[in-house]
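Chain IDs A, B, C, D and E follow the sequence of writing; residue 1 opens each chain.
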Amino acid sequence: MIEMPAIDWLTAVVFAPLAGAILAFLLPRQAHWVGVGAVVLTALMASALVLQVLTEGAVVTPLGNWGAPLGIDLRADGLSATLMAMTTGVGLLVSLGALNSYAHHRAPERMRRYFWPLWLLLLSGLNGVYLSTDLFNLYVMLEVISLAAVGLTVLSGRIEAVRAGLEYMYASILGALLFLLGVGFVYLELGRLDFAGLLAAPPSPALGAALALMVAGLALKTALFPLHVWLPQAHANATAPASALLSALVVKASLYIVLRLAQYLLPLSEVLVALIGLLGVGAILWGSIQALRAERLKLLVAWSTVAQIGLVFVAFARAGADGVAESWKAAALLMLAHAIAKAAMFLAAGRIKEEIGHDRIRELDRSPVRPTLAQLSFALAAISLVGLPPSLGFAGKWILMEGAMTSGYWHWIAVTMIATMLSVAYFSRVLTGFLRFDRQRTTVGEHQGWALADAAPLTLALCALGLGLLAAPILAFMNIGYPFGGAP
Amino acid sequence: MIDPLLLFDVILGLAIVSLAVTVLVVRDRFAMIVLVIVFGLMSALAWVRLAAPDVALAEAAIGTGLTGALLLATWRQVRTEPERWPALPRGVMVINMGLCALVLAGLVGAFLATPLGTPGLGVAVADNLADSGVEHPVTAVLLNFRAYDTLMEVVVLLVAVIAVWMIDRGVSQAPQPTLGPELGDLPRGFARLVLPAITVIGAYLLWVGTSAPGGAFQGGAVLAAVGILLLLTQRYQPQPSHRPLARGVFVLGVAGFAAVALLVAGGGRVPFEYPADHAKTLILLIEGLVTLSIAATLAALFHGREPEAISTQGGRS
Amino acid sequence: MSTGLIFGLTGLGVFVVGLCGALVLVDPLRRVLALKLCSVGAGFMLVVAAWKAPPEAPDPVPHALVITGIVVMISATAVALALIRRLHTLEHEHHD
Amino acid sequence: MSIELLALVLIAAGAAFFVVGTIGLLRFPDTLCRLHALTKADGLGLGLTCLGVALLVGSVGEMLRILLIWGLVAVSSAVSGHLIAGHVLRSNAPVRGR
Amino acid sequence: MTLALSIIALVLLASILAGLVPVLRGPQPAERMLAAQLLGTAAVAILLILSLLMEMPVLLDVALVFALLAAITLICFVVVTRREDH
């Protein structure tokens, strides 16, 4: 019986968006249909891969059949399959939102022509990061993501966007080069670059330097506190779908690599974990303060990204160095919750700006337009980001505090509480504007009815809320292939 | 008496580091660009001393030649920019310098504590070289053992050209740098003489890649230099009507590479696993496509903008 | 005192000079060059990791990686320079 | 033995011309004089070195490659001399005896 | 023999470093490009000698690309700095 060539989902998930991008680049007028089609196809393939991981456990494809140290292996275990499913799912809904915001009457032809190839190449890079097990391959994938993300940031062509894009470019390339020097030190010490080689490596000065360089580079790319300067302007000045992709998906790739490094590289020293936690606290405080001072809606949402990333690093450091084997789950859940909710929030912010005409927070309650569906999805997303039950954010924070409690690190619980209070503070600035608690200043016009464009942010927000109920199965799925337990 | 070549290395090393500092410190911007080109030359010499001829070729052709051309073209347009010499307050500068000194001390400490010459993957490459389809180990690694990396690298080039076409739309038609007639016919004659020579050298580098240092990237870069010369001597002026063809050539390398990688995956084989007997032909096919794609992409990056019809403001298609 | 050691230290020196430049400098063109210096410095580290004492042939894998790094770096440089040119054009259109 | 000696002498002479060229580049008062020093050193210095190396090198193929290198450099340095001179004259820089 | 060649290579490297001074000092762009051309040619000479010392005939290809690189940057320079007042 000829063995039916089983489609290798691992390469399919990376090559499908690549083919979509090539087609979208070749056919500029039909770019949006080709783009949405490719994202739908990738989403289907991702779900097939998730099923395969569910049934068979971790799936490995040795590319070129050369095996790990010489060739490159693609591996999908629970953690990477979950993040890839999140990326394609959120990406699909953001694409639907993009169909509307780049429609003929709203955006120049050029933006529609170039959004889709860049977004699909970004998707291919993201899937490549989640599946790769080779350090240099991660570097090349990070570069694909960086260039595509800078392209998306600059899509609107306004001078603030170009200036923010240039700053983003410098930070992102410098981060990648720090990572590359770390890769050089790993090769100097071990003579191989795959994760399996890192597992058995005894601690040594070169590996210590490599870990420090890589974490520094990745912290720069995820805009962790002292290195966050480039993020707010880049995410606030991009167009709505682009900033949704940047804030929800691009930042997660570097966070994921930090988790992988913590898993594979030598046991982390207590000092390094505490330092990461401290930087997380700094990010929460500074991000929240700036969010409270932000004038424009999208700037507030961008600063809340800085704060939420700080919280992910706190979740990572909640139980000290030996607790990392458990606390990655809290970090992963918070990453998921932040991605879904933040995508919903940015899309909603874009819709609000379209309907009201401006996004200045102070005048949100003066608009003649009646509260719209977009404002509802913004509020629902805010609930998940704040972390109220039953949202996914709540589940993540719960596991964070639970782990901190069991290992006696009470200060992390206090930090989480403060983070929650601060996020309530800066989101309520916006929600009061929506609900017009203060006296109405102008007559309220007729209800404009619902637009198809509101579907994307609403579904995302509802997912962010509803998935909290599925936290246990998600956690069980993430544990397939023992990402952090004893590797088989 | 110590080996004089070691003395050569020490002087070369010191020259490279001091050049690096001078590049960032020298006031005149044109001197900065010339110094970067000389820095590239020196680092290519260092690659040669480290017995890495492939890297020296790549550094000379891409890192120094094409980067220098890009910098000169950008410098020409940005010449009137006032020199914003370090506006950072002195205190911040000192802190940063101190931080960098600390980082340097840490890295040098870690580097010196590590014995050199760890047995890397050299043995594994040598064992598998026979059925990789090519004789030259670096080309075998690039196009067979780590072909996935190389494919993604060509994707990076594709993303770059898409981003550059999107960023620098032809709306403000700054006068294109060209070798105008006012310079007399000597440079144009020189360009006419050098063009065929460079094309032959580029093709030679591509062909020799399977058995000696060379290959798709170095050959592609040298052929890109041909493209740049055509642009400079105005023998080829990009027209909006050429865009579909240009897009086709840009994606040629990635599409061809990915297609080959997937097509070989049928019948129980894994993607990128070339059948043993066809390996060489497949690799040469991929190299040819990738070289064409790289040459066109790098030349387009030098041209720096999508050739839009100047007449219509918002772009026609 | 071998060739590998000398150029390893050179690479680290160039990387840190580039890092310092990228952090301190303000002029956009110079910051792109600072990043190119970092890329050459990181490349030095990889090739030094592959270097063996002369009679032995060096390890080809890092050479392939550095070639990939050089091509990636010129793509990033090209995009950064396009951004700088665009910013320059926009700023000048802004003023006059 | 004499071939190696001859090659060594040629290469040494080539290097000497480079040194002279560099000193000329440093010492001469204005651009055109420096240009004169450069093109001489360029052409002859490399020419002698190429000749010396060609004597020592094994196959004919390599000799042809060395010839090609020398040809390319000689042509490009001649053209560069001419262009830079033209550039300097047009930009009416201070030239002795103008 | 190899000792003599090494010393010559050192001398050439020294002449390159000395050639850097006019690149820094030269007031006009033409001066700097002039010096850069000399450095390029000296680098080609060093490569030729190294191909003997390190028994790597492949370095001749590298020297060829160096020479090519000098030609390309030269033409770029001439185009970039030509007068715009015509």
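Assume contacts are C-beta pairs under 8 Å (C-beta built on N, C-alpha and C of every residue); 3 or more make two chains touch, one makes a residue touch a chain.
What you see is a predicted model; the values in this text were computed from it and never measured.
Counted as hops between touching chains, the shortest connection from subunit C to subunit E is 2.
Taking subunit B out in thought, with all other chains where they are, the connected groups by touch are A, C | D, E.
Counting C-beta pairs in contact across D-E and across B-C shows that the higher total falls to B-C. Of all chains, A has its CA centroid at the greatest distance from the CA centroid of subunit D.
Subunit B and subunit D have Cα centroids separated by 28 Å. Once the centre of each chain is set as its mean CA position, subunit C and subunit D turn out to be 31 Å apart.
Once the centre of each chain is set as its mean CA position, subunit B and subunit E turn out to be 20 Å apart. Subunit A and subunit D have centres, each the mean of its CA atoms, that are 58 Å apart.
For subunit B, residues touching at least two other chains, in rising order: 5, 12, 49, 51, 75, 107, 111, 116, 118, 120-121, 125, 145-146, 149, 153, 156, 159-160, 163, 167, 183, 187, 190, 194, 197.
Looking at subunit E, one finds that residues 14, 26, 33, 35, 61, 64, 68, 71, 78, 81-82 touch two or more other chains.
Contact of a single residue of subunit A with at least two other chains is seen at positions 70, 136, 140, 143, 147, 150-151, 154, 162, 181, 185, 187-188, 191.
According to the touch criterion at the top of this document, the contacting chain pairs are A-B, A-C, B-C, B-D, B-E, D-E. Residues of subunit B that touch subunit D in their complex: 183-184, 186-187, 190, 193-194, 197. In the complex of the two chains, the subunit B residues touching subunit C come out as 2, 5-6, 9-10, 12-14, 16-17, 20-21, 23-24, 29, 32, 36, 39, 43, 46-47, 49-52, 54-55, 58-59, 62-63, 66-67, 70-71, 74-75, 77-78, 80-81, 83-88, 92-93, 96-97, 99-100, 103-104, 107-108, 111, 116-118, 120-122, 125, 137-138, 140-142, 145-146, 149-150, 153, 156-157, 159-161, 163-164, 167-168, 172, 174, 217, 294, 298, 301, 304-305.
Within the complex formed with subunit D, the residues of subunit E that make contact are 1, 4-5, 8, 11-12, 14-15, 18-19, 21-22, 26, 28, 30-31, 33-35, 37-38, 41-42, 44-45, 48-49, 51-52, 57, 60-61, 63-64, 67-68, 70-71, 74, 78, 81-83. Those residues of subunit B whose C-beta lies close enough to touch subunit E in the complex are 3-5, 7-8, 11-12, 15, 19, 22, 26, 30-31, 34-35, 37-38, 41-42, 44-45, 48-49, 51, 53, 56-57, 60-61, 64-65, 68-69, 72-73, 75-76, 175, 177-180, 182-183, 187, 190-191, 194, 197-198, 201, 205, 208, 212-214, 218, 222, 225, 228-229, 232. Looking at the complex, you find that subunit D touches subunit B at residues 68, 72, 75-76, 79, 82-83, 86.
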